[in-house]
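Reading through the C-alpha cells given below for one structure.
Chain IDs A, B, C and D follow the sequence of writing; residue 1 opens each chain.
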Amino acid sequence: MKQQPSHSATGFEPRNPGFEARVRSSFGRQPMMGHIGAELVVVQPGYCEIHMPYDKALTQQHGYMHGGALATIADSAAGYAAYSLMGAADSPLTVEYKLNLLRPGVGELFIAKGRVIKPGRTLTVVNADVYGVEGGEETLCLTSIQTLMTLADTADELRVGAG
Amino acid sequence: MKQQPSHSATGFEPRNPGFEARVRSSFGRQPMMGHIGAELVVVQPGYCEIHMPYDKALTQQHGYMHGGALATIADSAAGYAAYSLMGAADSPLTVEYKLNLLRPGVGELFIAKGRVIKPGRTLTVVNADVYGVEGGEETLCLTSIQTLMTLADTADELRVGAG
Amino acid sequence: MKQQPSHSATGFEPRNPGFEARVRSSFGRQPMMGHIGAELVVVQPGYCEIHMPYDKALTQQHGYMHGGALATIADSAAGYAAYSLMGAADSPLTVEYKLNLLRPGVGELFIAKGRVIKPGRTLTVVNADVYGVEGGEETLCLTSIQTLMTLADTADELRVGAG
Amino acid sequence: MKQQPSHSATGFEPRNPGFEARVRSSFGRQPMMGHIGAELVVVQPGYCEIHMPYDKALTQQHGYMHGGALATIADSAAGYAAYSLMGAADSPLTVEYKLNLLRPGVGELFIAKGRVIKPGRTLTVVNADVYGVEGGEETLCLTSIQTLMTLADTADELRVGAG
C-alpha cells in the first residue's frame, strides 16, 4: 500500500532549513520508536506522519492495539511536527496532551498525523490524529491536542545514561 | 526496595467480590504490558498500581523513559482502577484522558497509581499519576484525569484475531 | 458584518427532523447564554455556531475577554452540535472537555463553532473552536475537544428550582 | 456558614512576599468575576479559593449552574494559585486546561480550590476542583488540571481598551 502525505503544503515556513534531517536524526535516536515498530514517513514544516504496523505484542486484552501504543505515536508525531518549525539551536519538550479514543485500534497499519495548529516562541499547540488503515481505507481512531515547549539553546541529545 | 500500597483503604465497596482475580486475569491477557515490562502490583477497590522498571528500549532521544511508556501504564492503571468497581458482567473501555508530563522520566522504576475519583453507572472518572523511583524516593512525573465507560453485559475478552 | 455558516453541508443525517427547533428552544432556556450576551446563530446536523459580542463586563484583568466566557460558548456550541444529532427522546450532558487558549480574547465579536467529530449511541466527541473577529477577519483563539453523553429517554428541561 | 481554608500550610514558599495583595488586586480588576458574583476568599502560597453563590442568571436549561460558570471560577482559582508563587515582575497566562464535570452544579454556593501541583520557571501545573455546597456539605462537581505560563517581566495590567 502506498501512503501519500496528507498535507503537501502546510503553509508554515521553517526557521531551520535542515529541519527534516534533524527530525529524522532525533527519531532515529528514540529506542521506543523501534521497540513498537514505528517508522517516520513524512516530515514537512509543521507536519509529521508516523506509521506503525499492527503487532500482536502491542495489543490489549480484546486484541486491539493498546491505546498506549497509539498515544505513543501521536505523542511523537506531535513533537516532531513542532520540532520541524523550531530554530536550529532549539529542542522540543512535550508539556501535556489530551486525547479521545474514538474507535478500537483495528487495522493492519496505524498512522499518526501531527499538524501544528499554532506555533509560538515558547509554546506550540499541535493536533495529532491516529488512523487505523484496513484495505487502504483510513479510519480515525484517536484525536488529540498537544502542547510542546521550545527549549531554547538546548541540544536534542542524550542527557542521561551517556556513560 | 519494598513498595507498600499507597492506599490500603480506598473507601469503595466492590460490586464484584472477585474483582482482584478478574483484574489480574485481564492484565495478564494484555500483551502490551509484557512488551514494556509492566507488572500489576496492587489491586484494591477503586485503586490499582502498576510498576515498570527502567528499560533503555523504552526511552526517547534524551535517555529518559518515553512519555508514551509512562502514558501506557497510567492508562492501564486507570482502566483497572475503574474495572475493580464494575459489576460481574461488565467490562471497561477507555474513553479519553489528558495528562501533564511534570518532570522527565528519570528513575530505576516507574509506578502508576490509578485512583477512582467518581464511579458511575455509565462513566467512571479516574486520576492516574506516575512516579519515578530513585533510591526508594518517589517523584511525581505524570498526572492525568481519565474517563472510562462501563460496557454492560460485555465480557472483557478477545474480540479480534481469535483465529 | 455578515457571517455565513462555515459548513453548510456537514455530512451528518439528523435522527430527529425537528432538531433545529429543539436546539433553539433549549438554548433559549439557558439563562447563562443571555447573561453573557450569547446568541445561537447556526444550527445544522452536527454543527452549531454561537456568537458573543465583546463586552467589558466579561473581561479579565488585561482587558481581554475572560477565558471562562470563551469556554462557556465553546461548551454550549459543542453541546448543541451533539444534541442536533440525538434522537427525539434524548438529551445531552457534557462529560468533559479540554481546551487550549491560543491567543488573547481580542475582537469585537467571538464565534464558537462546534463540529461533531464522532457521534455515538452513548458518547459523542466534538471539536469546538472559538474565533475572535476584527474587521471581518476571524482569528482562532481557543480550540477544544469535548465529550458529551446521550441521556436516553430524558427530557432536556428544568430539573430543579421549578417551584 | 463558615468556610475554613482547606490547606492552611501549602508547603510552598512565595518568591514575592506581597503575593496576597497582588493576587487580590488582580482579582479586583477582573470585571468577569463581578459579573458572575465570584469572590476571592483564600489566597495562600500555591493555593487559591474562589466562592460563587448560586445565581439563576448563571444556570443552564436544567436549572443547574452552567458548566461554563464553574469552569470560569476554576480557571481563575488555578491562575491565582500559580500567580501566588511567581516573582514580583511576573504575571500569569492560562495556556490550557482540561476538566471533568462529575455531577450537576447543585448547591447554594460553589467553591473553586486551585492547588499548585508543580511550580516551574516557565510553566506551572495546577489542580482546580469545584465543589457545590449544600447545608454546609461540599460535593465535588468539577475536577481539572490546568497549565499556566509565567510571563517574565510583564505587568499584570490592562493591555487593551485603556482609552
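Basically, a contact is a pair of C-beta atoms (placed from the backbone, for glycine too) under 8 Å apart; a residue touches a chain by one contact, two chains touch by 3 or more.
Nothing here was measured: the structure is a model prediction, and the numbers come from that model.
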Type of chain C:chain D copy interface by residue overlap (half), same or different: same
Of B-D and A-D, pair with higher C-beta contact tally: B-D
Chain whose average C-alpha position is farthest from chain C's own: B
Whole-Å gap separating chain A and chain D, where each centre is the average of the chain's CA atoms: 34
For chain C paired with chain D, centre-to-centre distance based on mean C-alpha positions, whole Å: 23
Chain B and chain D: spacing of chain centres that average the CA atoms, whole Å: 30
Shared interface positions of chain D, touching two or more other chains: 95-96, 98, 100, 125, 145, 147
Contact set on chain A toward chain B in their complex: 26-27, 29-32, 34-36, 56-64, 66-69, 71-73, 75-76, 94-101, 104, 106, 156-162
Residue ranges of chain A in contact with chain C within the complex: 98, 100, 102-103, 117-118, 125, 127, 140, 143-145, 147
Contact footprint of chain B on chain C as seen in their complex: 95-96, 98, 122-123, 125, 145, 147, 149
